[in-house]
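First subunit A sits with subunit B, and in the next complex the same chain sits with subunit C.
Moving on to the complex of A and B:
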């Protein structure tokens, strides 16, 4: 475990809310507005942390545990994700599966908390969230399996360390569909535009946002920070694949990955500005398409 | 060496998936046109070390015929028939995509078991040929519109062509042109047939033609 790994975890913890900030700023600029300051997500989280939480009488301990357990799962997942090719703090065989299911656990407790409120809207949101994430999961796991095949390792750190320029020249035909699949997973899991509109406040069309309507104060702060962290984690997976800079120097690799993250946030903002949300019936098709892209990559790697 | 070939073949597979997932007929036609252009590029890539005038002529013919003539012919039929989308196919788009995703490993498995007389130009050739052929067959049986079925036939033929160009370095030109002429005539005749079906029945749903009616 090098110093760089610890620095990368700190970087993730500190810079994660910057990602939604950049996305919102990009959208505002494209729409011709100035938009909120880049650090607005930090201000929001700090403001919410100072407030006190309000709990409905119909909720139980599940509702209170949801945000805490969700954030804890995402914090553990942060320890597993490599950034810029250098190893993560924790790396052991098959930590890929643990990573996928830590994200799954975070989603599961959010869904439980939403169901615990007894609100019909939140139940609808929970149902949609579970449906779409069940379809996004094969795409993520098959995609990671394809990378695992190429680098013959089942641990995220060596998998991503092996994705240098050499890997791209050797199997670009397989990596290109894989990058597409991971990008779709990134957008879907983070409730981004073609799947879900993060800014909508119409309950009938909301997916992720509707589940957190009843949370307030520090709980909401945990959820907001957790979703920024999830954006960062899945973004790091996409960037680690698309930006194959593996010079060996921690600084150059880290800087390239950081630039990649900023670019990814800008691209997300551009996608959100240029695309309309898909109809709910069309979303499964997009996610199945992503799974198929992952399958293509996996089959090409297995060959 | 075979990077270009591989890229073209993977693009061929991806266009196949787009064909399975989309519902607009005009987009189907464009996808099959793109496949035609990819086949022309594949011909060039297969012979990139011994590029002769023969190969060039063949590639240009394929590109003009499959990339321009067929799409033009079929989109004209589409305009006269005034149909835009494939509504309610026999197999839904999501299930089609899943079946396509399952067909790909099957194609790879099949090709691994197939004894070949000579090594192909790339190890991807045979599986992609199988996949494209099966995909064409699947489109023919799973879609309602006569036009989509013609496109399925074209995709099937594309798969057979990939098999030929990847496996046999040197097919006599007469054979290639003969096949192209056959396909051209077939598409031409089917285009006219669709036109007449549409004029006679006001739709091009092939499943409704299964029963013979006595109109008098």
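Moving on to the complex of A and C:
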């Protein structure tokens, strides 16, 4: 078990940039283009690591600490997320909360780094980011509480280990809204359509991308890699729920989960190809809707 | 016990000395600060033993006042609350010494130190009193001392108004406490706490305690005095008031709960409900503020809400007989009391340093202070991360304890606890997100970017006496975060008192919580290590490369100015707009007209909704009704004598008839 946990962490670290690659490729194919290679996000990160950096004269140490602390928080969060039904490296009661708050810490430092530039564009992105994430947080924690309730366990690893096909047949009516809620959180927290447009940083449309406008070189590499990792981690929480393959074999469960991740990336690409970004005033309604779905799921679990 | 009373004596003596030597600013400061610090150190020595598990120390002396006795005792609960009181009072006193002297135009600090030391001494007495009369006397002295501290700058009309609001609120609260003690101590003389039987009318006593102590603590809707009084006071006083004085309300509530026997479930529901409303309401109103200290004051309401959520879960745990829930709920609440004292003290001290260096507390006039005040800025950043409940600092530890309690309650699937647990998780998550929004705003707008006005361009770092207390508090935030398992384990003695469970049960539950925090500490240390490693990687990568400095990317606009930065108001606007149904923000817009607009202005103001919609109409109505009796009061003394005579006659007739 311990080896499987470590392997899954390595899998996350290695395969995380594949997810945005698949999303971009899917979008290109739907649009009738060939698109960049699947491994383009890897090339981007490596290129950025080889580059020098430009820092704004306005910025202070906070700006330089942002990418470093942000990526460190996401790397620690990687240790908490179970994959393919096997346990995470670190598992303890209410580790859900540590996971959510580590993501919160990463966001906190990113927002501060954005404000440190003194640019109104980045301030605007920062403001939207904190607004939407404050609303997404209850949806995530209540949704995971619903799983905790169903499996009567407080830690992510046993929670996800207990989500076999039997769980779905027992309480499909509760799991369906839950999957919807987690998918919305996944899209919102990763700056995806319909909440944010990851391909542009025009000031009227963007949230996450504009916050990192002034980062360059290795800092930007850390940020790009970190956002791929975050996509992987929240994706793993969605896939663990909707792909209930729990045969007991590490290989089969792991492969099923991996297939699920690829499918999730393709679905994300399809959503991005088929939907426009919501008006900013509509986004809170979507996120509050996700919280409501989580609550409904929780109430149904309690029956 | 004698050592603690000696400590109180030293504090009072220092205060009186400072008050007498008003002529010499230097002397009164030395005496005031010296008394507070020496008293705090003596007090810490006196309480340390009890906190580490020594038996309680008590003293009982006769006092020839009806129902009174000088009954004092330091048990684990008192010692637990004394710790932040004494620690924070010493640090804020050191800070205040420089803070009050820096302003030459201010009047002599003698009176301020007299009331400061009186306030600390009375808080200590409130925490150790075991007799209702002694408690109420100390409570009243505490209220009055803080009133005089709040109104220190009484030439300002807003400050007088704030002091007045505070005085009315605190006395309405005290009135409830008076009734509560009468109900609680029926048939007891003297009204010593250990003579209270408590069982009858427990529900009524609980409600009176919630209103009476909740007014001091700042439960919504009894919080209205808090956002007025805290900004008005000098900053080291705000730190003490917000950090520890309002916690006497929590102490009182917890103390009364230990006297009432097994609680009813609705008590827990009530506390959870109050916690949700206070927590979410407090942080929403904080988001809408432009004044740094007012923002912090509303965050006190929020944190009191988090404490109430913990208390509510603890009470539920006791009422349904779930020891783990009781231990986690009360443990989270009590630890949050200490944590909030530390980070809120720190933030108020930082806000005071900013206000003194720039001459303004208006967020939208500040900016870029981190370069000019690096020490203050870093300490404030630590406080901001801690109060947002983010790992690896102390705020996360107590919030995680409460979350653990809520998840326990949820998984237990008891009809009594499920709904509150659901509410607690949702509320804590929302509070966490909103608090992070609010403190990215507060820290980002004040310390990052560039200066928005000339106030901020001429700021400079305060002296060491103001900086080191902030560093000390910041270090405490980090230490409690990293040493979480030890801290949680040390809660066991106080939890035995509060939950009234057998010691071994409490210790077993505390041990399982400690195991959780051992993993959290691993994660926290890993976080710091990885961050350091990544920073080292970046440094190695960049050493031989051409790292340049340039202007912030302005998207091609040629003449950006500091005024174009996102302000605090614009940063919070999406959230304040979303929650406008709660906030009722007033907007006054002078829109620009024509091709060459000459003037344009936008003013937003978020008044307290409870004050405007609840208290203003009620008190206005009372004022109108009583105003119609004003003809009785006309200034003619002979008629007043007639009133007295008539009243005596009526009383005589009543007595005879």
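Assorted remarks:
Operating definition for what follows: the second predicted complex is superposed on the first by the 302 of 303 C-alpha atoms of A that agree within 3 Å, B and C clash if a C-alpha of one lies under 4 Å from a C-alpha of the other, contacts with A are read in each partner's own complex, and residues count from 1 in each chain.
The criterion applied here is as follows: a residue touches a chain if its C-beta (ideal position, glycine included) is under 8 Å from a C-beta of that chain, and two chains touch if they have at least 3 such contacts.
Everything quoted here is computed from the prediction, not taken from an experiment.
In the superposition on chain A, A:25 makes contact with neither subunit B nor subunit C.
Look at A:154: by the touch rule set out above, it reaches subunit C but stays clear of subunit B.
In the superposed model, A:208 makes contact with neither subunit B nor subunit C.
In the superposition on chain A, A:174 contacts subunit B only, with no contact to subunit C. In the superposition on chain A, no contact is made by A:8 with either subunit B or subunit C.
When both complexes are overlaid on chain A, the residue A:292 reaches subunit B alone and has no touch with subunit C. In the superposition on chain A, A:111 contacts subunit C only, with no contact to subunit B.
In the superposed pair of complexes, A:300 makes contact with subunit B only, with no contact to subunit C.
With both complexes placed on chain A, subunit A has more residues touched by C than by the other of subunit B and subunit C. Put simply, subunit A uses residues 284, 291, 295, 302 to touch subunit B in one complex and subunit C in the other.
Looking at the complex, you find that subunit A touches subunit B at residues 169, 172-174, 176-177, 284-285, 288-289, 291-293, 295-296, 299-300, 302-303.
Listed in rising order, the residues of subunit C touching subunit A in the complex are 367-368, 370-371, 381, 385, 388-391, 396, 399-400, 403-404, 407-408, 410-411, 413, 418, 422, 425-426, 428-430, 432-434, 436-437, 440-441, 443-445, 447-450, 515-516, 519-520, 522-523, 526-528, 530-531, 534-535, 537-538, 541-542, 545-555, 560, 562, 564-566, 570-575, 578. Interface of subunit B with subunit A (complex): residues 3, 6-7, 9-10, 13-14, 17, 21, 93-94, 97-98, 100-101, 104-105, 108, 123-124, 127. Of all residues in subunit A, only 49, 51-62, 65, 68-69, 71-73, 75-76, 79-80, 90-98, 100-102, 104-105, 107-108, 111-112, 115-124, 126-128, 130-131, 133-138, 140-142, 145, 148-149, 152-154, 203, 213-214, 217-219, 222, 280, 284, 291, 295, 298, 302 touch subunit C in the complex they form.
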